[in-house]
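Each of the next two complexes has chain A plus one more chain, namely chain B in the first and chain C in the second.
Take a look at the complex of A and B:
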């Protein structure tokens, strides 16, 4: 336990010194502000494009448009930045050889994986919470947000998908040695999930649903009960990836 | 007439734009200070990174910290 706390602290220091945490916060802050801006400015941009003879009728933007932007920007930009930021966590230290000292001094290899997971999840949670709070604040500032339900549930789904991605990142980082190979493999996993999503019968079980079905939660087209299979599969896959990462890492030559 | 509507619009968007501009500036300045203070980069040189960080908003500093920053 002592080793775990010490290593987590080291992870924390590392992410501050390498500016990783700072960039995550800045990017998620910007995404949080961009959502209401895009929702608000798009109709005006379009109407300024309309020349004589063309009439474009654009409905007045609503809070729904702002959330639409949120669930477009965070899964795309946000998750990509998250994956790129954390992709070097395992492979970088392997190639630099900084694990060797600690492991020979008796640090358990599973502790390394678990600390890295804890710290990454903490940072993802803080960043997403920041983005969500800013987006909510400005959306409420410009529009009436009554009647939108299950916003928290839909964000929680998105959060869970981020946690799943972090676990996959650790697994891939334990398997390969190069940073880019790790990124490529994680990308491969996401592409595979998207391909599986093309089969309608499997959609209900696919983790991708946690990032694509959010809007239907807000519009109350779906209830959280519709996500139960997808959520359970994601949690199972997350735990399995972590166990796999520990098993692979235990056998890895440092 | 046009000017006054422009000002009104600006006022409407100011609460959104101001924090955005501040964060962009903070990102730019931190990256610029880091570029100027360190001499080793994974690729490229000091002038190139300084220009990238200042000219390209948001993405410039992010790319520098992720790809360009050398190890001390």
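Take a look at the complex of A and C:
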């Protein structure tokens, strides 16, 4: 336990001193501000483009447009930045050899994986919370917030998907040695999930629903009950990925 | 008692056999030199001892416990200095050693005292900057400090001096010699003068096997043949001598750097000198130099490696 706390503290220090956490915060801060603003000014931008003779009729933007931006930007930009930021966590230390001193001091390899998971999830949570709060604040400022419960449920789904991605990242980082290979494999997993999503019967079970079905949840097209399978599968896969990462890492040459 | 025993360890990477039944042991409280050329398998052996690599065959015992690959409990007895120690560059030495201490489960006060003591020992007490800005030599010192932090029974250093300048090398060797009373030091190297300076025991690995091992003094007296070196004033003298002494020595060679000198080696040193002097006297040759040559580790090393 002591070693776990020590190594988690080291992960924290690393994120601060290598500016990883700040970059993540900055990106999510910008996304947070952008969401409502893009929704607000898009019609004005478009109408300013309209020349004489052409009339563009655009419906007045609503809070929904702001959330639409949120659930487009965070899964796209946000998750990609998240994956890139954390992709070097395992492979970098493996190839540099910084694990050697730790492991030969008796640090359990499972502790390394769990510490990295803990710290990555913490940072993802803080970043997403920041982004969400800013978006909510400005959305409430320009329009109003209706159905906060659904909105929270939907952001929780998104959060869970991020956690799942982090676990996959650790698994792939334990398997391969190169940073790029790790990114490629994580990308491969996401692409596979999208491909599986083409089979309608499987959509209900697919973790990808957690990032694609958010708007349906807010607009009440779907209820949280429709996400139960997807959520369960995602949690199971996350746990399995972590166990797998520990098993693979235990046998890895350092 | 032996702190480390390596029995019949073999390891191959694909078809390339690196270790082929390696056997050696390290007695407690000694400085053990592990010799071999580049690529002879020194690092591989050390990594197997630390459980970082899996041996194909054989058993390694540290302090009487068997080493297992992956989860290595025996590592609590070992302090390890890798050939190129890597640290978290964004940390300062004190922070890094504190992290190491916490990982090994040391108490905070104990760790702090020990850290100060060690930084003093390795001469880094004033280096309060990030490790990223450290020179190679400083990293090597910090490496020794982290390896010694938990007061290990065995300190394993992988080529600790290879990349350092002469002063840095001497300082690292002095540190290793200093800690000998408290721990056992095993270090690999291909720099023979380092071995002669501080080692009590050695093992030499070549072509996957231990070619010789034991007490350095005994090895030197047993293995290497002593010899004499004679330098002549004229090339004719040398040729005459060579002709006369044809049957005398079993190793007989001209010296590369001076064409007028030759070296003779035989197992019976007294006999060799006596007969050589007789030949010189009978043929009326007055040499410029007549010298007994003591065997060096380098000769030994060369002899084994060239075979």
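The definition used in the following text is that the second predicted complex is superposed on the first by the 251 of 254 C-alpha atoms of A that agree within 3 Å, B and C clash if a C-alpha of one lies under 4 Å from a C-alpha of the other, contacts with A are read in each partner's own complex, and residues count from 1 in each chain.
Here is the rule we use: a residue touches a chain if its C-beta (ideal position, glycine included) is under 8 Å from a C-beta of that chain, and two chains touch if they have at least 3 such contacts.
Computed from a predicted model, the values in this text were never measured in an experiment.
Novice: Chain B or chain C: which reaches more residues on chain A?
Specialist: The partner with more contacted residues on chain A is C.
Novice: Tell me the contact category for A:13 with respect to chain B and chain C: first, second, both or neither.
Specialist: Touch partner of A:13: chain C, not chain B.
Novice: Touch check for A:201: first (chain B), second (chain C), both, or neither?
Specialist: Once the two structures are laid over each other on A, A:201 reaches no partner at all.
Novice: Counting only touches as set out at the top, which of chain B and chain C does A:26 meet: first, second, both, neither?
Specialist: It touches chain B, and chain C stays clear.
Novice: Would you please give the residues of chain A that touch chain B in one complex and also touch chain C in the other complex?
Specialist: In the superposed arrangement, which is not itself an observed complex, chain A uses residues 18 for both chain B and chain C.
Novice: Contact residues on chain C for chain A in the complex?
Specialist: Chain C residues touching chain A: 50, 52-53, 69-73, 75-76, 78, 80, 82, 84-88, 90-91, 95, 99-100, 102-105, 143, 146, 150.
Novice: Quick one: which bits of chain A touch chain C in the complex? Just the residue numbers, please.
Specialist: Residues 2-3, 5-7, 9-10, 13-14, 17-18, 96-98, 100-109, 250-251, 253-254 of chain A touch chain C in their complex.
Novice: In their shared complex, at which residues does chain A touch chain B?
Specialist: Contacts found on chain A: 18-20, 22-23, 26-27, 29-30, 33-34, 36-37, 40-41, 81, 84-85, 138, 141.
Novice: Under the touch definition given earlier, write down the residues of chain B that touch chain A in their complex.
Specialist: Answer in residue numbers: 13, 15-17, 19-20, 23-24, 26-27, 30, 34, 58, 61-62, 65-66, 69.
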